[in-house]
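Per-chain numbering from 1; labels A, B, C and D assigned in written order.
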Amino acid sequence: MKKKGKFGDFGGQYVNEVLMPILIELEAAFEKHYPTAEFQAKLNGLLRDYAGRPTSLYYARNFSELVGSKVYLKREDLVCGGSHKLNNTLGQALLTKEMGKTRLITETAAGQHGLATAMAGNVCQLETEVFMGVKDIKRQASNVKRIKLLGAKVTPVDIGMGVLKDAVSDTLRKWTTCSMTTHYLMGSTVGPHPFPEIVATFQSVIGKEIKKQILEKEGRLPDTIVACGSGGSNALGAFRPFIKEKDVRLIFVEGGGESLESDNNAAAFQIGKPGILHGALMQVLQDENGQIKPSRTRAAGLNYPGRGPEISFLGNSGRVKTGYAFDSQVFEAVKIMSKAEGLIPALETAHAIAYMVNHKEEFDKNELVVLNFSGRGDKDLETIMRYFHES
Amino acid sequence: MNLEKTFEELKNKREGAHMPHVYLGDPHKEFSLKLIQTLVENGADILEFGIPFSDPTADGPTFQAVCERALENGVTPSKCIQGIKNLRDRGVENPIVVTTYYNIPYVMGVGTFMNRIREVGAQAVIIPNVPVEEADVLLAEGKRSSIHVIFQIAPTTTEDRLKKITDFASGFLYVINVEGVTGARESLDDSTLKLVQRVRRHTDMPLMAGFGISNKKQASNVVAAGADGAIAGSCYAKVYEKNLENPEETLPQIAQLVGQIKQGCIEGYRRR
Amino acid sequence: MKKKGKFGDFGGQYVNEVLMPILIELEAAFEKHYPTAEFQAKLNGLLRDYAGRPTSLYYARNFSELVGSKVYLKREDLVCGGSHKLNNTLGQALLTKEMGKTRLITETAAGQHGLATAMAGNVCQLETEVFMGVKDIKRQASNVKRIKLLGAKVTPVDIGMGVLKDAVSDTLRKWTTCSMTTHYLMGSTVGPHPFPEIVATFQSVIGKEIKKQILEKEGRLPDTIVACGSGGSNALGAFRPFIKEKDVRLIFVEGGGESLESDNNAAAFQIGKPGILHGALMQVLQDENGQIKPSRTRAAGLNYPGRGPEISFLGNSGRVKTGYAFDSQVFEAVKIMSKAEGLIPALETAHAIAYMVNHKEEFDKNELVVLNFSGRGDKDLETIMRYFHES
Amino acid sequence: MNLEKTFEELKNKREGAHMPHVYLGDPHKEFSLKLIQTLVENGADILEFGIPFSDPTADGPTFQAVCERALENGVTPSKCIQGIKNLRDRGVENPIVVTTYYNIPYVMGVGTFMNRIREVGAQAVIIPNVPVEEADVLLAEGKRSSIHVIFQIAPTTTEDRLKKITDFASGFLYVINVEGVTGARESLDDSTLKLVQRVRRHTDMPLMAGFGISNKKQASNVVAAGADGAIAGSCYAKVYEKNLENPEETLPQIAQLVGQIKQGCIEGYRRR
C-alpha cells in the first residue's frame, strides 16, 4: 500500500519533533472537515462568490494560429487576486478556523501567495503575517504594497540570498514557536505531509473544471495539458484529474533561468536530484554533498530549488514530461500573448507559453491543448518593461 | 568512553551532564577543534558535533550564521568527519554526538554515513528533521553501525508520541525546552520544567534538555527538574562570533562559560 | 414618443456634420447586428470565456457588519482587466468588425477603458490608438505600461489641463479625420447618440446578472443599488434592469473631490447644470457663460465634468438619488474594504463604498444593498500608498 | 450689407467671396478688432466672428490655443457681442456670421442670443456642433430673429442628408473640404473639389468652402470647382500667434495674406 504522504519515495514528514504533533493534528482536521457538506458549502461559496470560480476555459484563437495547435487557456488569471493561489488559501483559511486557530503565517516569493493569504485571512478574520525575502520584496514591490494595504504584516527575511528558500526556512522556524495558535498556510504543493496533499486537493478544482469545460466545448478530453511550476500547485491542480487518463499528455515547465549551467536556473528536474528540504524528499537543486543550491530565475514564483513531492514523483516516473524555458524566451512569450490575445501573463505562466512557442514541433497540427494560465502579469509589469527597455 | 558509561559515572558523582553544541568550520576548522578542546577541558561531558547544512531550519539566527560562514569557508561533510578523527587523535575522549540535517546522510548514503562516523569515533546522531515516523532507515543503519539515534521530545509532543519515541530511542532523549529553534534565551518557563517531569514518567533513559540554555542558572533549573543534563550551543557561538578575526582570543571567556554551565548541571543535580 | 437618443431633454447628437453620417451608420449597424443570434453568440462567448462573466455577487459579511446593512458586492473587479470596462469594449469591438472597420481609437483617464479597448482590439485583431491626457498618463502609469505592452499606441494629449475632458475633445477631432476606417470606441455612457445607448446596452449585462443572482440568493429584489460614476456606464449597467422597479432605490455617487467649492470636485449633479459638451446635452460643470469647467478628483476615472445623458436624466428626475464622496473619505474607504474583505477597490469604486460608510443613517438595518464593485484598485496602488504615507 | 446682397454683388463682379474666421479676444479684444478691420480692408467679404468656447471640438490646435488664450484673458460671450457692436461703430459693414459652440447660446437662451447678435448687427450663425437633427430650436429662433442658420456639408454627408440640409439651410452652405477639423493644410485633395461639385447639384444656394484653406491656390481651386467662396481662419491666427507680445506688428503680413486669398477667390471664379 502507498504510504500516506508519500509519492513513490518522495514526500514524507521530515520535520522537527515540535511540528510533528501539529502536522498530525492538521491531517486529522483536514480529513475530518474537508469532506463534510458544511465545509464544502462554505468553500464552494467562497470559491464562487469571492474568488470568481469557475474560471473560464478560453479558446485562444489568435494564439492557436500562431502555434499551430488548438489552444484553450484555463483562466486562473481571472481568480480574485490574479492567480490560482486563492483556491488554496481560502481552503486552508477555512480549515484554520475549524481548528480554532487565529493566525496565519506564510511566505511568498512572487507575492501572489502572500496576497492570497492576506485576502483569505481578512475574509475569515484571521491575522496574517507574511515572510518574504528582501530581494523578493524589492522585485515584487506592488504585491508588497497590496499585502500591506490589506493590513497583513510583511516580515522581511534577509538570511541566505533573501529569496523564497530562505523565507520558507524562516517561516518554518517561526512556526515552531507558535504552532498552537497559528497555522502555516503553505502556498504550494511542498513541505511535509499533509501539506502537498491539502494544497493539491484544494487546487484540483482547476482540473475538475477543465475536464467539465473541455467536454462541453470539444466533446473529448484534451490531448495535452501544459503548466508552469515550481512547487507544482497550479500544475497539479490542473493535472490531477487527468493523471489516470493515460492518453492525456502532461507537460510541466520549470524555470530555465539564464542557462542550464549550475546556479543560473531553477530547473530542478534538469540538473537537480532527490533530496530532503523543508520537510520532504523532493527533486532539488543541490551540490554533491547535499547542500541545497539557490535557484535563479526572473520569475520570482518559480525561484525555488525544489519540486514538490507529487510533481517530483510524476516527473521522475515519466507520467509528466518536464521541460523548461529560458528567461529571454519567457519575456518574448509575454509579448506574444499580450499582442495575440490582449492578456499579459505572469512571468511564471509565460514559461508554459514560451514552451509552446519554442517547441511547436512537439504539438501536432490541431492538437487539443489546455494551457493553464496560472496568473496575470500585473505584478511583473515593472520587470517586464525594464527588460524590454534594457535589452 | 561511551554514552552509557558517561551517564553512569556522572550519576555516581551526582552531576548533571553538559553537552555543548558546536558546528564545525566556523570560522575555520582549526578554531573549531580548539574550541571543542577548550569545552571538554573546562566542563563538557558530551560533545554535540554539528555538520553544517545549507538550510538549518531547526536552528536560530546564531547557528544559521554559523552554518553559512562554515559553508562559505568550504567545510564539507567529509572534512567534518575527518575533524572527529582529529579530535580523537588529539586525545579528546568524550562521547561525540553528530548533529546534522537529513539531506547530508541521505546524499552520502545513510549506511555509509553511519559507518564513517562510527569509524572516526562518534557514538550517536541527532537528525532534527527526522521524526520517528521517518526514521526506519536511520534506525536500521544505526543499529548496523552501533550508532545511537537520538530523538527529540517537544512541548507539543503528545503522550501517544512520547511512548512511541521512547520505544525507539537509545542513548538519551533530547528534550526541547521550548517551542522554537536553537538559540540562547534569557529565561526558561515553568512549562519547560514540567515537560522534563512529564517525560521522566515514561522512561528511565537519560534526558538531555536543550534549546534556550545559555547560563548556569538555566542549566541548574533543568537538571533540578529531573533532566540528566543540559545542552547549550548558541551561547558559545555568540561569544566567539564577536571576534571572528581572532576567535582564539575568546577561548578563555568560553572556558569560563562552559565551566559555569557545567557548575549549573552539578548544582541542579544536588538541588533535586 | 420619446425621441431616439434623448432622455428627457438630455442626450442628442451635438456633433460636427462630418460625424453625423458615421453616427447614423453606427446606429444602424448596432440595431442590425446586436439583436442577431450570431452577434449574441459571439459576444456572450467572449463575455464568458474571455472576460470571465458572469461575475459573482458576493455577500460581504464583514463589510455588512460594519455598515449595518446586508451588502452584496457585484464583482466587476473580477472582469478581465480589472473593471467593468471590458463588457463594453468587447461589444463595440465586435461591432467594429461587423462594420468592416479596422481601427479603434479611444480616450482613457484611469486607463481602465484604454486597457479594455486594447484588449478587445487584440482579441478582434483591430489596431488600437488610445488618447490620454498627459496628467493622467503620469498618475495611471501602470495602466499605460499595460496598454503599451498590448501593442496599442498611446497618444499623449497636452491641451487644456491634460486630463480626460481634453482627451475626449482630441479623440473627437481625430475621429473626424478617419471615421471611415476607424471606430471611436466610446468608454462610457456619454457622447452623442447612439453611444450612450450602445454602452448602456452592453453594460446592462451587469444589472441582468444582479437581478438573477439576487433572486437566487435572497428570493427578492434588492432594496438599494449603489454605484459610483462619472459618465455613468457602470451605474447604468447595474441600474437599467431596475429602473422600472420603483421600489428599488438607486444611488449614484460622484466625485466630491476636496470640497464642493467650485473647481475642487467632479460633482456635476451638485454644482453643475445642463449643458452641451462632447456631443450631448448633459449635466455638466460650467461657469455662468457656458464655458465648461475642469473637474478635480483623485479618482482619474471620475474626473470628467459631465454626467452622461441617461444618468443626467435619471438624476434630475429624481429616479436616481445622487450623492458624492470626498477624496479623504474615499481613501479611508479603500482601507476599510481592504481590511474587511481583502478586496482593494479602485478609487472610483471606493466612492460608492465611502458613501455607504458615511451615510449609514440612510440605510435601514438589514436593508438589502447591492454595491456595484466596478473595479479593482491595482491601478491606484501608488496613489493610495502615497496618500497614506503623506497624510 | 446682408448676405444675399453680398453674394449677388460678387457674382456680378465674377468674384468668389472670402470669409476669414477670427475668434475674438486673442490675445485681447482690441487686437481682434484691429485684425478684423485689417481683414475687411484687404479683401474679406464676409466675416466669421468666433465666440470662444472652452472645448472647441471642431477646431484644430491653432484655434484651440486661440480659444484658450482668449478665455484666459477674460473674454465672455457678452464682450464678444459687444465687439460686434464696436465693429459696426467703427464702420465695418460686411456681413457678420457668428460662430460658436452650442453651449454658449444654450446657456444664454437661444432666443436671447439670437436677438442680441441681431441687435448688434450680425446676419447669421454657424454652430458646428448642431446638425440639422438638433436644429429645431436654432431654426425657430433664427427665423424669429432673422438670423440665418448656416449648416455644414462634409465629405461624409450622404445624398439623403444633403437633401435634408439644403431644405433647412439659409444664407449659404458651409462645405467642409476635408474630413477633419479647422486648421491650415498644405494641399487639398481632388475629393474636396468633387464634394463642391456634388453639393452644387442639389442647390443654388451660395456655397462657402472651408477647412484647410491657407493660401491663394487652395482658395482659387475650391472656387474654380464651383464654390461661391472660400473660408480661411487658422492661417491668419498662425501669423499673429508668432508675435503675441506685439501682434499688431503682424497686421501688414496678414493684410497681404488676406489679399492673396481674396485674389485666389477672384481668379478661381474666372477659371470656371
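The definition used in the following text is that a contact is a pair of C-beta atoms (placed from the backbone, for glycine too) under 8 Å apart; a residue touches a chain by one contact, two chains touch by 3 or more.
Keep in mind that what you see is a predicted model, and the values were worked out from it rather than measured.
In terms of the stated touch criterion, chain B and chain D have no partners in common. Here the chain-to-chain distance from chain B to chain C, counted in touching steps, is 2.
One inter-chain figure worth recording: chain A and chain C are separated by 35 Å, centre to centre, where each centre is the mean of the chain's CA atoms.
Between the CA-based centres of chain A and chain D the separation comes to 67 Å, rounded to the whole angstrom. Shown here, the protein chains touch in a chain-like sequence that does not close on itself.
Interfaces, counted as pairs of touching chains, are A-B, A-C, C-D. Contact residues of chain B toward chain A in the complex are 53-61, 64, 68, 71, 76-78, 101-104, 106-108, 128-131, 133-134, 151-158, 161, 165, 176, 178-181.
Residues 12-22, 159-160, 165, 169, 172-173, 176-180, 275-279, 281, 286, 288-293 of chain A touch chain B in their complex.
Those residues of chain C that touch chain A in the complex are listed here as 48-50, 52, 55-59, 62, 75, 77-78, 80, 118-123, 125, 142, 145-146, 149-151, 334-335, 338-344, 378, 381, 384-385.
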